[in-house]
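Below you'll find a set of structures to go through.
Note that chain A is present in both complexes that follow, paired respectively with chain B and with chain C.
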Partner chain A sequence: MKIFNKIIFTLLMIFLLLPLLSMLIWTFFSSWASNDNLPSNLTLKWFIYFVNSGDWLIGVKSVLFSISAAFFSLILSIMLSRFFIKSSFKYKQLESMFYLPMLLPVVSVCIGSHKMLLNILGIKGSIIVLILHIYFSLPYAFKMVYSFYNVWGIEQEQVARGLGANRWKAFYLINVPIYLNGYISSFLMAFIISYSQYFVNFFVGDYNSVNFSMIMTPYITGSDRNIASVYIFLYMLYGIIVMLLCTGIEKMYNNRKRNERI
Partner chain B sequence: MLIPSFLIVFSITAYVLANTLKESLGIIPELSLNEITLKHYVNLISDRIFLEGFLFSIMVALISTTISIVAGTYLSYIFSRRKRGLAAFMYRYPILLSYIAAAVLIYNTFSDRGLIYHIALILEMDIGPLDIIYNSKGISVIILNIFKGIPFVAFLLYPIFIKTDSEYRETAKNLGCTDAMYVYKILLPLCRHSILTSFLVIFNYNLFSYEGYYFLGPSKPISIGILAYNSYINSDLLYRASSMAINFVMMTVSIILCIVFYKSLKQTKKGTSL
Partner chain C sequence: MSFLELKNLSYSITNNDILNDINLNIDKSCFFSILGPSGAGKTTILRIITGALFADKGQVILDGEVINYLPMEKRQIAMVHQSKYLFPHLSVIENIQFGMKMKKFDKDKIIKKTEEIVEFFNMKEHILKYPYQLSGGQQQLVALMRALASEPKVLLLDEPFTGLDNNLKIYIRDYILKLHRQFKITTVMITHDKEDAFFMSDKIAFLFKGKMLLCEEPGKLINSTGIEEVDSFLGQITSLGDGSIVFSDKILKIN
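What follows is the complex of A and B.
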C-alpha cells in the first residue's frame, strides 16, 4: 500500500513539474536535436530581445494595472465584509449574490456587457477593463476577507470606539494589525486573478490595456517555443517579485510592531 | 459601505442578463430588428454544430474536473501527512500562471517534438507519433485543465486537512479505526463542503472557458465558448442574435448549476459541523 501511494505521488508530481522543466530548458537553450542526449546552444538572446523590443515596459504596466485592480477590490471587499458583519440577518441573503461573478462564464459577461460599457464610457478602454477586472476578482477577495472577519469579529474595534478613538484611528490601530495577514493574502489572490486575465483585455480593451498574457499570444500561435518560454519565465518572475514584496511588507510591519512593544 | 461594490457587481450582472435575454429574443434596435421571435433558440436546438460542441464541452469539463478533484484531494492529503519540503512549495506554481501560459507549457511538453519525446529518446523507448495536441477528443484541453485544477484544489483543501488531522487522528486511532476508514468516514465528510464548492467553480470555468480550447483544442467539434465568440464577431451582424442565444444558454446552465449546488450544500451542512 505504501509503495502504491509513493508511485501515485511521484507520478502526480512529475506531471506537475515536467512543464516547468520544459520551460527552463527552452528558456536557456535554443535547440535540442533528436539525436542528442542533452539540449545545446546556451543563449540569452531572447532576454535581450525582451528588453530591446520594449516589452518589459508592457510587463511592468500590466503588473501595475493588476496591483491597482487588486487594491480596489481589496478596499471594496473590506467595506463589504464590514457591512455584512455589522448588518442584521435579513441582509445576509445578499451575500451569496456577490459570489456570482465567480461562476458566470467570462465570455458571456464580456459579450453581454460590451454594449453598455461602450455606451457609458465611450472609448476610455482602460477604465472599462479596470471595472471588469474588479468585477472578476472581487468575489475571491471578498470570500477570504469575510472568512477572516467571521473568525476574529469586530468587537475590539467597537471597544476602541467606545473608549474615544475616532473612526480612522480605530481602524488603523486596532483593525489593521489584526487583519493584515488576511488582507495581504486576499490582495495576492485578487492580484493573481487579475494578472492572469486574458479574455477581458483582449475583448474590451484598447491599445492602452495590452496585457502580459496578450503579448505572448503571437509567439504561441506561431509555435515559437523559445520566445514563449522566455516570456512565461519573466511572467512568473514578475508575479513572484510582487508576492515577495507583499510578504516583505507584512514582515516589516510586524517587526516594527514588535519593536514598539518592547 | 455596500453601495460601490453593489453597484459594480449588481449593475453589470443585471445588465448582462437583461441585455442577453433581449437580444437573443431578436430585439436589436441598432440593426432595426424589432420583433420578438424564438427562432434563434429553435435554430440552436436543430443546429448540429452547437449540440456537438455542447456535448463535447460537457464531456471535457466533467472528465477534467473529476480527475483534478480526486488527484488534488489525494495530493493535499499526502502533503498534510509529511513535513513541509520543497515539493510542498513547488506544486503551487500553476496557480500563478494564466491559462495561456499554462497552455504553452503543455504544448512544449506534450507536443510532437516536446519534452516527452526527448525523454523517450533518452530512455530509448519508441513511443511513435504523439497525438495529444489538437486531438479531436480534447485530450490536451483535459490535460491543461487538470494541470491548472490540481494545485487549486490542493491549495484549498490543505488548511482543512492540516487542522483536522491533528485533532481527530489520535482519537480515531484510539477507538480502533484503520487508516482507510479514517479517511472515508471522518476526513472526507469533514471537507465535503469545500470539495463541492471547488467542484462547482472548476466545472463552471472549464465548461465555458475560451483560452484552453482556443490554443490547444480541436476545430471540430468546436467548444461552446469559442462558438459564442465566433458568432459574435461574425461580419454578418445578424449572427449577433444567435450568439446572444448561445450566451443565454451558457448563463442559464451556470445559474442552474449554482442553485442545485446551493441546495445540496444546505442539505449536507446539517450533518457536519465544518
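What follows is the complex of A and C.
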C-alpha cells in the first residue's frame, strides 16, 4: 500500500510540475536547438525588460489590489457565515444564492454591472472593478469560511461572552485563533480568484485597472515564448510571495501565542 | 422574592412553538433542575437565560433586574455545556483564568482564585495541559472550573453528564454538589435523567413539548402527580422511608 501511495504521489508531482518545466526552461534560456542535449544561451534580458518597462509596478499594484479585494471578501464571508450559522432554516435555504457568481458567465455580469453602476449610479470604473472582484471571489471565500463555521460553530465565542468577554474580545481572543487556518485559506482563495481576473479589468476598468493578467496576455498570445515565459514566471512568483507571506503571518501568530504561554 | 425569574417566556421558530408561556421562580443558592424528554425545549430555556437567544415574549429577571436585552457578558451567568466547549488553543489554566481576566479581576485575586479552584477540583497536575490532552471527565471538570472561576451569579448546567460513563458521572456529580454546597451559587441544571434530577435538586420543574407542566420539590414527586406526561416519564417511584427512593429497579439514596 505504501509503495502504491508513493507511486501515486510521484505521478501527481510529475503531472503538476511537468507543464511548468518548459516554461522554466524558456524563462532562463533563449534557445534549444533540436540537435542540442541541453538548452543554451542563458539570458536574463526579459527580466531586465520587465523591470525597465515598469511592468513590475503594475504587478505590485495588481497584487495590492487583489489583497484588498480578498480582504473585503474575507470580511464579508465572515459576516455572512455568522449570519447563516445563527439564522433559522428559512434563511439557510438562501445559502446557495451566494454561490451563483461561480456559475454566472463573467461577461454577463460585467455588462450588467457596467450599465448599472457606471451609467446609472456614476461609480468610477476602478471602484466597479473592485466590486466585481469581490463579487467573483466572495463565493469561494464564503464557501471555505462557512464550512469551518459548520464544523466549529460559534458556541465557544458565546461561552467566552458568558464568561465576561465583550463581542470584540470574544472574536479576537477565541474566534480568530480557532478559525485562523480557515481565514487564511479563504483569503488566499479569494486572492487567487481576484489575481487571475482578466476580463473584468479589461472590460470595465479604466487605465488605473490594468493588472498583471492584462499585461501578460498579449505576450502569451504573441507567440514570443521567452518573454511569455518570463511574465508567467513572475506572475506565479508574485502570487507565491503572497501565499508565503500569509503562511508566515499564520506561523508568526501561532508562535507568538505559544511564546506568550511559555 | 425569587433570584431568577422567567415570566411568560415564549419562543418559536417558523411558527413552531419551542417554548410556550414558561413561568419559573428560582430562589437564591437553590439547585434547580429542569427535567424533560429530548426536544422539550430545555436547552432553549438556558440559551435564553444566557442571552444567546432572545425570547419572542416574556421576561428574564435576575436579582430584580430585567435582563432580556442585556448583553451576554453583562449578565453574570455562566453556562457549562454538554459539549464542554473548552477553548482548544488555551491551556487548562488559561481556560480557567479567561473569565477572571475578562472581568478584570486584579492579579492577586486571579492567582488566589485559580489556586483555590485547582485545589478544590484536584487538577494541579493538569493545569498546563491543553484540552485535547484531557479525558472527557477532566474536560468536564475544567469547564466547571472555568465557569466557577468567573464568579457568576447563576451557573447553568446543560446535560453535564452526557457521554460520561457511570463512574465518571458519579464522580462529577459529587463535585457539582460539593461546589454547590461550598460556593452557594444558584444553579440551574437541565437533564433528561430523572435520577440525576432527584439526586441533586432542591426543586424540579418538568418541561414537556415547550410547556412547563409542574415545579415541585423532589419529595413531592414520589407519589402520582396527576399529570399524565409527568407520571409516565417518571414511572413508578417508591419511597423506602430512609431517604432512599426506588426508580423501577434502581435504588437512589437521596441524602
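Just so it is clear, the second predicted complex is superposed on the first by the 242 of 262 C-alpha atoms of A that agree within 3 Å, B and C clash if a C-alpha of one lies under 4 Å from a C-alpha of the other, contacts with A are read in each partner's own complex, and residues count from 1 in each chain.
Operating definition for what follows: contacts are C-beta pairs under 8 Å (C-beta built on N, C-alpha and C of every residue); 3 or more make two chains touch, one makes a residue touch a chain.
Owing to the predicted nature of the structure, the values given are computational and were not obtained by experimental measurement.
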When chain B and chain C are modelled together on chain A, clash or fit: fit
Which of chain B and chain C A:V200 touches, first, second, both or neither: neither
Chain B versus chain C as contact partner of A:L234, first or second or both or neither: neither
Which of chain B and chain C A:Q158 touches, first, second, both or neither: second
Centroid geometry (CA): angle chain B/chain A/chain C, rounded to a multiple of 10 degrees: 100
Which superposed partner A:M102 touches (first chain B, second chain C, both, neither): first
Which of chain B and chain C A:K90 touches, first, second, both or neither: second
Touched partner set for A:V129, first chain B, second chain C, both or neither: neither
Least Cα gap, in Å, left between chain B and chain C after the two complexes are fitted on chain A: 16
Contact footprint of chain A on chain C as seen in their complex: 13-14, 50-52, 71-73, 75, 77-79, 81, 83, 85, 87-89, 91, 94, 98-99, 102-103, 146-147, 150, 152
Footprint of chain C on chain A - complex, ascending: 88-90, 155-156, 158-167, 169-170, 173-174, 177-178, 257, 261
Contacting residues of chain A [partner chain B, same complex]: 5, 8-9, 12-13, 15-23, 25-26, 32, 34, 37, 76-77, 79-80, 82-83, 94, 96-98, 100-109, 111-113, 115-116, 131-132, 134-135, 138, 142, 192, 195-199, 213, 216-217, 220-221, 223, 225, 228-229, 232, 235-236, 239-240
Residue ranges of chain B in contact with chain A within the complex: 1-2, 4-5, 8-10, 12-13, 15-17, 19-20, 71, 74-75, 78, 87, 90-91, 93-109, 113-118, 121-122, 146-147, 150-151, 200-201, 204-205, 207-211, 215, 225, 228-229, 232, 243-244, 247-248, 250-251, 254-255, 257-258, 262
